[in-house]
Amino acid sequence: MKITVWNEFCHEKEDDRVKAIYPDGIHETIAKFLREAGYEDVTTATLDMPECGLTDEVLNSTDVLFWWGHVRHGDVPDEIVEKVYQRVLAGMGLIVLHSGHASKIFHKLCGTDTVGLKWRESNDKEILWVIEQNHPITKDIDDKLIIEHEETYGEHFLIPQPDELLLVSWFSGGEVFRSGCVFKRGRGKIFYFRPGHETVPTYHIPEVQKLLCNAAEYVCGAGSKPVNYGWAAPVVE
Amino acid sequence: MKITVWNEFCHEKEDDRVKAIYPDGIHETIAKFLREAGYEDVTTATLDMPECGLTDEVLNSTDVLFWWGHVRHGDVPDEIVEKVYQRVLAGMGLIVLHSGHASKIFHKLCGTDTVGLKWRESNDKEILWVIEQNHPITKDIDDKLIIEHEETYGEHFLIPQPDELLLVSWFSGGEVFRSGCVFKRGRGKIFYFRPGHETVPTYHIPEVQKLLCNAAEYVCGAGSKPVNYGWAAPVVE
Amino acid sequence: MKITVWNEFCHEKEDDRVKAIYPDGIHETIAKFLREAGYEDVTTATLDMPECGLTDEVLNSTDVLFWWGHVRHGDVPDEIVEKVYQRVLAGMGLIVLHSGHASKIFHKLCGTDTVGLKWRESNDKEILWVIEQNHPITKDIDDKLIIEHEETYGEHFLIPQPDELLLVSWFSGGEVFRSGCVFKRGRGKIFYFRPGHETVPTYHIPEVQKLLCNAAEYVCGAGSKPVNYGWAAPVVE
Amino acid sequence: MKITVWNEFCHEKEDDRVKAIYPDGIHETIAKFLREAGYEDVTTATLDMPECGLTDEVLNSTDVLFWWGHVRHGDVPDEIVEKVYQRVLAGMGLIVLHSGHASKIFHKLCGTDTVGLKWRESNDKEILWVIEQNHPITKDIDDKLIIEHEETYGEHFLIPQPDELLLVSWFSGGEVFRSGCVFKRGRGKIFYFRPGHETVPTYHIPEVQKLLCNAAEYVCGAGSKPVNYGWAAPVVE
């Protein structure tokens, strides 16, 4: 399984608070725990690389793509978004993290304006409750996962009904949020995972790392045979 | 539309706190606000009536059945449960309230041990967030509905994935709960609505009343043609 | 309820076989049976009108939009598609007919390349079986609906799992197809209905007309309150 | 993974046509191809064994249970059904085959009278089309699977909407049917697979065998942590 971790990589260069938490960028932190979990083929890509680091060669060999973005969604060219989109339909797994909800690629795959939600940066406590039991993504996770401080997202979240709803968050300010959602599009699976604001060390939490490793396994395609679309002769006379 | 409101009617006779809130029983409070909303054909039935008040005549003419029970689920005879079940499959709407989650009829229609959830009587605040927009059941309801004090229910709730997830609750003690769920079974629609503990005046809240009136409209069958099951001749030669 | 019926209106002007069936265009046939069913406010719009006939004034007052297109999907400007998309998210109902599966607007709302399916113009018999019982869209429809001759569409159909699967078609050549699908996007409901090739008189069939009238009722929004997205103060302290 | 293949084992003893196809019973044919596929721990159980062969010891060590029954559903004691049901909710995978749709256990897990469908023994051709792409159960299966002669089942099939709809069948007599359905109940996954009438050699077909091996893998539980239900202290103060 080849994993590519994509990050817009802005906050970590400009904001000392963020740099202190993710000195090499969120992408390198994620790549590191994936490698430590035994995934050998993990690379990273960022917005400022040529073609956003997502060349045809990279995309065509990627089985699972992680995506973190926040303030520069608009700077990802539409051609790159289209290529990622086609790869997902063709079977590449996609894991969209936190503010990636407002990315062009998530928007395009959902069919709704996924920027729509309530939010607040107030370091609320977040408790993620497991809604679907015995799912591969929540393997070895307790019935809840507590994060002491996170940005708050609140419903209504402008997504289509997910194919699988795995996690719902509670926030101390009074909100709830569908924080772990699987969407199936064509041959590809997308997992949206809410936590991961840049000013808190969420991706350093072992349970979060475990869950994201599980997610990579889950969204990786089963390798079924592709379909021939288009004109078709009758099967029977 | 003929509505029957069923209640086990125990707490209200035995507990002065409950009697103070629902002097004629929860069923009469519900029947009253339904009538005031313009539904003319509303009757009530309780556990201690002959056949639990759910005779063939009553059931066969009922379009929507409300169900509140708590401590005497086991006293509803299986034959009555079977009749209600068959009526739901045939198109009768069913609205299961609060502790009715552990009733025989809800259990039987869900296919899981719906008694499974976390709970606590600690008068937490409950905030119900609307998850699906523009649904008939949440018509004229704000984006959230706040109840100052309620019993707490928490996930995991041992139900199948609902066909429609309309409401998710937040509780001040840290829990979340799928509080408004539509299930479709055969020709019938079931709406589960979480709030309504006997020691708090939830069914006197105007927004709750409005939502339950909307729900009655929604689960009432569309009147489509029934299907012939069993042996069938080929449609084409 | 204000209904607008949109049609690219090409085949009917260029192909005598089509003109014989729909002399004033598919849109006028649909508008006519809607009016005869009692909908008073029905207008039509076509591709060659200024702004495709979908001005802001038209769109903003439309409750339900029918969409038929086939060979000129690419000629609908992206700005028009974006406006229709925003109206659907805001609550306008959309009924996508037959080859409209490949339209820009359906593609955008689904989040997949909805052009993907098998097809064949061989005048197969089509039998549409009702999958979900007692749904408002199939009210007064028998357990199946037979169309003597239609274009064939076959699975796999490259759509996300519909929120409601109402009809599955059988074709004499050996194919099946998800022919009646409801998708919910934001505050809007979309109904995709497969039959309606331009060379066969499908929209003259009374059962098809009845079903499409039902569909117009169903996708028309419930009128619930809109949500405020964006920054939000805590609900509790 | 420990697999138990359960069969009522009646037709094969009483009907020479069936005996010719499945001389040791359908269960032994299924067990054989599972063992040949590399599953080492496969046992069988039949109706006439003590406790139907489903003792506590057998059930508690079974990860995946296959179920074939037809004419003696009523002879499976309710206590056995209850034990199987509890094991599924606790995480055991269940694969219900063909006429097992009318079994007590499938009925109980679905929450509907799953006996409801159309049927005909006329040796129709059946074509199973793959509806969900890239699913583990259809790995290495073509876009359709053709069975020359089978019993016909037709919609409407009285099941709740499946959590995953994988296969839809076409029959030469004009019917369609949801033939491959995943239901999730508690911690358990159930896969219903339609083909397998006793008078035709369906379970000898390599593609069917491959698909059922895939299904055994898929319904086998992920091994996530169980939940504590019941009274719960607040998570936050």
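First chain written, first letter: the chains are A, B, C and D, and each begins at residue 1.
The criterion applied here is as follows: contacts are C-beta pairs under 8 Å (C-beta built on N, C-alpha and C of every residue); 3 or more make two chains touch, one makes a residue touch a chain.
Predicted, not measured: the structure shown is a model, and the values here were computed from it.
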- Query: What chains do subunit B and subunit C have as common neighbours?
  - Reply: A, D
- Query: Between copies subunit A and subunit B, what's the superposition rotation on C-alpha atoms, in steps of 5 degrees?
  - Reply: 180
- Task: Name whichever of A-C and C-D has more C-beta pairs touching across its two chains.
- Result: A-C
- Centre to centre, by mean C-alpha position, how many angstrom separate subunit C and subunit D? 37
- Geometric centre distance via CA averages, subunit C-subunit A, whole Å: 32
- Contacts with two or more other chains, residues of subunit D listed in rising order: 127, 130, 132-133, 143, 154, 156, 161, 172, 174-175, 184, 186, 227-228, 235-236
- Query: Which word fits the touch map of the chains here: line, ring, star, complete or other?
  - Reply: complete
- subunit B partner contacts - residues on subunit D that touch it in the complex: 89, 108-113, 115-120, 122, 124, 152, 154, 156, 158, 160-161, 163, 172-175, 183-186, 227-236
- Residue ranges of subunit A touching subunit D (in the complex, touch as defined): 91, 125, 127, 130, 132-136, 138-144, 146, 172, 184, 186-189, 221-228, 235-236
- Message: Under the definition above, what is the set of subunit C residues touching subunit D in their complex?
- Response: 127, 129-133, 143, 154-156, 161, 165, 168-171, 174-176, 178
